[in-house]
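Both complexes below contain chain A, partnered by chain B and then by chain C.
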Partner chain A sequence: MTVPESTALLELRRSPLAGSAFGLSSPGLTMVEDPFRQLVEVRGERPADVDRGHVWGLGPGWWLVDGPPSEVVALEAPLAPGNRGVDVSGQRTVVTLTGAHALTVLAHGCPVDLEVVAVGDAVQGVLAGCQVVLGRVADDGWRCYVRASYARHLAAWLTDAATPYR
Partner chain B sequence: MLRIPCPHCGERDETEFHYGGEAGVDYPADPSALDDVAWAEYLFVRADPAGWFTERWCHVAACRQWFTIDRHTVSDEFRPVSEGVRA
Partner chain C sequence: MSRLPTGGSRIDRTRPLTVTVDGVELTAYAGDTLASAMLANDLDVVGAGIYTGRPRGLVGIGREEPNAWVQVLDHGGPGTGEPMVQATTQPAYDGLTVERLAGRGRLLPHTDETRYDVLHLHCEVAVVGGGEAGVAAARAAVAAGEGRVIVLDDAPTAPVVDGARCLPDTTVVGAHAHGRLVAVQRLDSADGGGARRLLQVQARRVVLATGSEERPMAFPGNDRPGVMLAGAAAAYVERYGVLPGRRAVVWTAHDGGHAAAAALAEAGVDVVAVLDVRDGDVVTGTDGGSDTGRVTAVHTTSGTVEVDLLAVSGAVTPETRLWTHAGGTTRWSDDVAGFVPDAPPQGGRFSWAGTERTAADTGGRAPAAWFCATDLTDEQAAGTYLDLHRDATLADVRHAVEAGLRSVEHVKRHTTIGTGADQGRCSGVLAAGVLAQLLGEPLGRVGATGARPPLVPVPFGLLAARNRGVLSDPVRVTPIHDRVAHAPMEDVGQWKRPYAFPSVDESLDEAVVRECRAVRTGVGMMDASTLGAIHLRGADVGVLLDMVYTNLFSTLAVGKVRYGVMCGPDGMVVDDGTTMRLSETDWLMSTTTGNAAAVLDTLEEWLLTEWPHLDVVCTSQTDHWSTVAIAGPLSRDVVAALAPDEDVSAEGFGFMTHREAVVAGMPARLARVSFSGELAFEVSVPAWYGAALWDAVAQAGAPHGITPYGTETMHVLRAEKAFPIVGQDTDGTVTPADLGLGWALSRKKTDYVGKRSHARPDAQRPDRRHLVGLAPVDGTSLIAEGSQLVAHGADLSATPVPMLGHVTSAYAAGVEGPFALALLDGGRDRIGEVLDAVDDLVGTPVRVTAPVSYDPEGARRDGA
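Take a look at the complex of A and B:
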């Protein structure tokens, strides 16, 4: 068996929402999957920021580093001595929600008060029955990290919840 | 539904938490030395008051931290752990 080139291997990947026709682009709400991000969970002190990425606080001494897709797992998250990082890229996919109605749509299925989440902060909680990480990237911009096996359920729920805003 | 104040995340729905039972129940120092009555006492017998009760909870759906808190078993109010009670 010949081993394909790494770029050919990338073409074999299927994101959790591939083929689900998920996505919405309307004046007040844009929803789209942002798949194949490099995700690393860090235990210890807050890791340094990464280029074109995000660092979210998940709990005391617990961080999620989100970096751009790469052909190989190569996310460089400089760690303080004694801190630990684990590649969890395959665990979740990311759905981005942007627009004036983004918070409203999330609030339809999430009992956590998202109004008080500052830009740059994240909360973990339950959205439509799925455990998610919700990171606020802007006043009207969110990144929703959802387990791959729950992604289609969440996408269907988001599509339904967004009906009044399409 | 209970609303439980996580010390790290604030007040959240009960469904985000795992219950850990009475706080301060130590594993026996020498379990093999216990007779069946004492072992059963350790495993199963809890204070079960009608009133304030110091409990363990784990916020499994978010910060995943264990914490200790007082709950009133009649009114389901929560308050910080009372003085002198260990986690």
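Take a look at the complex of A and C:
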């Protein structure tokens, strides 16, 4: 089922962190929500790279495709032939963390060894009690995918954990 | 003042500061500990015996200190404070305010506002201890290119090791399997405030270079201020430039005591005698002053000397506590007169690095394993303190042995020796040695008591760190939450769900009655976004579902929905829910709110372990969908207004069917399912449209008086239809047949999870507990959830009262008044009987009814 994209439709959307005043911009740390991404879980071969997006490996033959907000709002995202994808766009929102302190802020709550995660790789783990996918986009840049229902808790926790780095 | 004009390797004389002890200001320097500040200011009495109240002085310089435990009133920051802090490990800083204690601290009367946090660290090599052995181990690890090397050192200044990360002020408090260390790092030693960080360290390899500790010897009158460990006394001079006394006698059982005596003499202490156990010299008693009780004279086997310091050293032995935390063993060594590391912890991650030199290495005399004289009178024994922290004496150990105790662990618990916050560093081996003497057994056989984490006291606030208050546990909210947040909330797992929507002049119970009536007679709406959703795709999904559900699913047509019951291999109900078939290969399963993750795990486990050949992929879609349930005889009118392009008539949109649809301009899935027995629809949209969907339903329903309802109304409505809630009406001992869901047990399928168990005679007993309904005999009394069911008129004072079952769900707001669901022995054969539902020893007469108490014919399913 697809519904033609329209301004009216876009205005109906509300991101999990809308209205929560989440966000931080300081010299060593920037945190911001990157909402309404097109997210698709794929099983099988690695999907092709996505323009303005990311393909994260979650496990053997298991991928999370993160694309820009789509031109068409669809229940089932179009995928390369042979791949099996399930639309999970509404399931998670994305929080980006950038800066010299980004990894440390995550390490305050995430028991996974993040230092060994290469740029372009992702890990699944628990951050502050929330299941997350952490994708490394740069030495000092991370994309944190958090379930929509947990997003406010995680945002409050990140804001608190970032206190020494403001 | 006992501060020397020069010296003190740890203090910065350019930075004076003031600490306050019991209202008295003491001057000190940056780098001092609270204990060295006390000593420098001639504070002879640093605490009192917990039971005797006797004045006690400083004994040690580090974690072995038994007496100098204080209550920190203020760490120099607002809302700070801490009970039971060891003065020898507490940095002195401006504003530190403490009270001395008699062995027992007090909980803070206010919230602990000290800044605490947690940091996870990972490394290839963790070295515990920054001394000579630790530095050597770290350098070797760096040179070998082992990767990340971390040195954890509890000294205020960490060593510098090129290529390694050295953390000062960091005390490892626990060493655990697989190279896991837990450490406490002080962030406050310079400026105060008490801030600390809990480090969770995961290391591929751990080197324990924890150094050594000094233990005393016991003798009558050994608890006077002025009796110190000899090595500690000398170290106060070296580290802090403080003289622990003016005129001293040193008593030792090993060569190290002589070195300490020399250091004290060099610093200007008048060392009048150095007595050695190995030469037959033994301290037999002390005299003390009338004010603080400080030592004035020491009686020995070779005469009496007048001194103000008695420096004692029984032995210096490896600090093996972390070694034993991790599972390493120790053995008695005559070479050091102490316990030393023996077999390493299993797993190969831990190793020991020590620079201990035995007498054989240095060409000196072998130490003597001396603990306490054996020929003391009962009176002398009662004044010979083995554990100053616990006020326990030689007499107590004698009593324990006379009572028949032989194990060192039993004697520990009988006497409390070694159970204090100091972990018995000065007392544990002493007591074991005395026990060995009394039993006439070698100390190696008596053994030492075990040490358990944490190595030193850790504030509870630090363990909680930032995860306090609203951050203590995640709160999950749906996309609709802000629309319903004004309602009283019910915690459902981590979710917040509206319990009911009372108006300003309405009680909660009244609101539930109104909401129930609205759904039964008009239309209601509720946020059902918390339900678990699992997308299943593949050619074999039907095969999987036929196995995990008790009933048949592979025959389900595209566009249809089916209710299913899931059992464990033991045949007991673990979950239920509806599954819809989206296409030939795509299915969407819904689970109960609290079970979404567990059901997904179960599916994955069966697929990975038993049926890897099946073509099925499971993807969690919980959180992806936001769902609004629209229930009641008028729901069709509301859905028709929301989705004008859809035929929602009884014929055009049958019960247990679903379809994709445009609802209020949004892409949606519409399903006709009912959890109330009424005509009902569920509308699901991607989560970010959830709030807009809620608004649209409210708007479209307004002309029909649509009523938002909460979890309690949902429960009442489902209970009247006897739809069970897994985990409330079931408890892991209930089969589908017990719930009256025998129809869902497929006879056609050759197998499903739980089928074999359902065939067991026990699963078919006629007197199993069945789900039944209950109604109060008087029609009005409330039945309490959890009540026990007993025979009507049973004598509640008799024991035991035979229990026939219990109430699993109870509600006041049924159509016919109060009612309940219960599990009752042979319940289906008792319908019509009267029983007593007992709560708090009061029995309420109840009549057993069929479980379905409303519309048993199902006539309302398609609308009134």
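Keep in mind that, in the parts below, the second predicted complex is superposed on the first by the 150 of 166 C-alpha atoms of A that agree within 3 Å, B and C clash if a C-alpha of one lies under 4 Å from a C-alpha of the other, contacts with A are read in each partner's own complex, and residues count from 1 in each chain.
Heads up, the rule we're going with is that a contact is a pair of C-beta atoms (placed from the backbone, for glycine too) under 8 Å apart; a residue touches a chain by one contact, two chains touch by 3 or more.
A quick note: this is a predicted structure, and the numbers were derived from the prediction, not measured.
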Which of chain B and chain C A:P111 touches, first, second, both or neither: both
First (chain B), second (chain C), both or neither touched by A:V126: first
Which superposed partner A:R43 touches (first chain B, second chain C, both, neither): second
Partner touching more residues of chain A, whether chain B or chain C: C
Partner chain in contact with A:P69 - chain B first, chain C second, else both or neither: neither
Partner chain in contact with A:R14 - chain B first, chain C second, else both or neither: second
Partner chain in contact with A:G59 - chain B first, chain C second, else both or neither: first
Set of chain A residues, in rising order, touched by both chain B and chain C: 111-112
Sites on chain A touched by chain C in the complex: 1-3, 8-9, 12-16, 19, 35-36, 41, 43, 73-75, 84, 86-92, 104, 107-113, 115-116, 128-130, 147-150, 152-154, 156-157, 160-161
Touching residues on chain C, where the partner in the complex is chain A: 117-122, 148, 200, 202, 466-467, 470-471, 473-479, 482, 495, 530, 535, 537, 617, 619-626, 660-662, 665-669, 686-692
Residues on chain A engaged by chain B in the complex (per definition of touch): 58-60, 62, 111-112, 123-126, 131
Interfacial residue positions of chain B with respect to chain A in the complex: 8-9, 12-13, 15-16, 61-65
